Amino acid sequence: MNEIKLEKFQGPLDLLLQLIELEKLNITEVSLSQITEQFLNFLDKLENDRSEELADFLVIATKLVYLKSKTLLPYLYPEEDEGPSLADQLKMYQQYILASKKINILWSQNRIAYGRIEPPVKNTEFVLPLNARTGDLLKSMEKLVSRLRPLNPLPKITIDRAVSVKQKIESIWNTLKQHKKLNFTDLIAESENKTDVIVSFLALLELMRDHKAFINQDSAFGNMEVHLI
Amino acid sequence: MTINSQLETILFVAGKPLSLKKIVKVLQVEEVTTQNALANLCLKYNNQESGIIIIQNNDEWQMLANPDNHEAAENFLKAEVSGELTRPQLETLTVVSYCGPITRPELEQIRGVNCSLILRNLMIRGLVKEADDPSGLLPKYEVTMEYLRHLGVNNLNELPDYDKLHNHEHISITLAQTNKLAS
Amino acid sequence: MTINSQLETILFVAGKPLSLKKIVKVLQVEEVTTQNALANLCLKYNNQESGIIIIQNNDEWQMLANPDNHEAAENFLKAEVSGELTRPQLETLTVVSYCGPITRPELEQIRGVNCSLILRNLMIRGLVKEADDPSGLLPKYEVTMEYLRHLGVNNLNELPDYDKLHNHEHISITLAQTNKLAS
């Protein structure tokens, strides 16, 4: 996993492609869900050096976590048409990456079609354009200045070092064995950040798949009670 | 004089890309007549041994020297320093080449990253521009003649795998999704 | 590529009369070969319906628009230099008015797009010119006296809100970013 250097990828899709290639996997939903953890591990590295890109990575991280949960507990996700999947999106991206290599060859050949050096055109008489009077200039300048207003920097999102899913499974499993039952809210109460919450959720899904735990939830978005089986 | 002949003169005199609209206005003929004349001129010029070629970029047309003779032309002109393309530039140009005119959200959906800075940078370099599209609320971007001229192709559809990547099955779905989110 | 084709390219890009000697030197072939190629090219172009012709003046050769199409050519040039400015042209003229003398990279950083064609057009219309600035490496652009006179102002600082807009903070921030990127 550490073979991929931070400066070696362009964005989240590029990182996914490289992770897939590193693991010698095909682009499928299953293989993508397998590299979720590796992907999440890059988030805290990004925060130090490329924080401006964090938002783009979080979008894909969300999709991965969704995929992962779907692979773990497929019965929770009825078959339905959800439009293009992350795997489709990545395959498409891959095709453009391949095409861009061919474009680069064309560009580097310097087989340039040159234009004419035109003889200077002499403008015989000056005509003031109807829409270039002082009032027009003022309006156009004001519009430009307001367009150039510097954007507020994005609110700084912080992602701290993520605990691995494996560590989290063990920790939840130990707590569960002691208490037989616990609230998911309590479980994530000590989470320092969103990644931590995501990891806890994934760990819980793994426990459910392995029939070590089950969950009660009274209503959508209600509290989740985790029970030891 | 025939329309073909007048069109040839105008493209020669212009020395820059001309939009179909502009050509129609100058020739003062129907659009379909102009399009026919453009097709005839392409047939006349775009053959292997011609020293002059006609390049089309979506709605624009320009008369240029045959890129196969670039060395002869460079003996004359100071060769331009255009430099290499960085990876993000190359990726963005590729998507805009095959899918343009394209909006920024659509482009970002395909690349998975924010593209505002890279688009600005390519527009300043003159390789990408806003397409003339009064209908759309969001600006659409397309590659420029400058870019095509440098690749040495006469038309975007000469790019490798153009049909496949231009009409990619996922693009239309992905783009439809983007539009739904935007609306 | 054939000599005929290369000759065609050279005459096309040159845009001015070329001596036989110069052509021989660029093509790097025998003089008699060049003369044959010139004769062939004349046969190809100099017919009634051609929009482009080759003329010979003693020892010099030039590719020109067919004078029979002068009306179409004039229509085109007139359309170029008359009528209202397009939105990008007006914005460029505005920046040159309020922020000139200004270099092209600075102008492009402020507008966020390549401005070479637009500047050329504004210069043809006599609205903008290169400033006399022997110190600078890059040419700087400013509006012409003639334009100012037609606006009815004696000096740029008589433009409305000149002081406020000339040194506007948003513009200096944008320019500072250019210098940072360039360094």
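Here the chain labels run A, B and C in written order, and each chain numbers its own residues starting at 1.
Here, a contact is a pair of C-beta atoms (placed from the backbone, for glycine too) under 8 Å apart; a residue touches a chain by one contact, two chains touch by 3 or more.
Just so it is clear, the structure is predicted and the values come from calculations on it, not from any experiment.
Enquirer: Sort the other chains by how far their Cα centres are from that of chain C and give me the top one.
Expert: Farthest by centroid: A.
Enquirer: Chain with the smallest distance from its CA centroid to the overall CA centroid?
Expert: When every chain is reduced to its C-alpha mean, the one closest to the whole-protein mean is B.
Enquirer: Could you state the distance in Å from the CA-based centre of chain A to that of chain C?
Expert: Roughly 45 Å, centre to centre.
Enquirer: Roughly how far is chain A from chain B, centre to centre by C-alpha average, rounded to an integer in Å?
Expert: The mean C-alpha positions of chain A and chain B differ by 31 Å.
Enquirer: Counting only Cα atoms for the centres, state how far chain B is from chain C in Å.
Expert: The answer is 20 Å.
Enquirer: Hey, what residues on chain B touch two or more of the other chains?
Expert: Only 12, 15-16, 63, 65-66, 68, 73, 77 qualify.
Enquirer: Where does chain A touch two or more other chains at once, residue-wise?
Expert: Chain A, residues with two or more chain partners: 114-118.
Enquirer: Which residues, counting only chain C, touch chain B once they are in their complex?
Expert: Against chain B, the touching part of chain C is residues 1-2, 4-15, 26-27, 49-52, 63, 65-66, 68-69, 72-73, 75-77, 79, 108-109, 112-114, 116-117.
Enquirer: Using the touch rule from the top, collect the residues of chain C that touch chain A in their complex.
Expert: That would be residues 9, 12-16, 77, 81-85, 90-91, 93-95, 97-98, 110-111, 124-127, 146-147, 150-153, 159-161, 165, 168, 170-171, 173-174 of chain C.
Enquirer: Could you please specify the touching residues of chain A with respect to chain B in the complex?
Expert: Per the touch definition, chain A meets chain B at residues 10-14, 53, 55-56, 59-60, 83-84, 88-89, 91-93, 95-97, 99-100, 102-104, 106-118.
Enquirer: Show me the residue ranges of chain A that touch chain C in the complex, using the header's touch definition.
Expert: Against chain C, chain A makes touches at 114-119, 121, 123, 126-138, 140-142, 144-146, 148-150.
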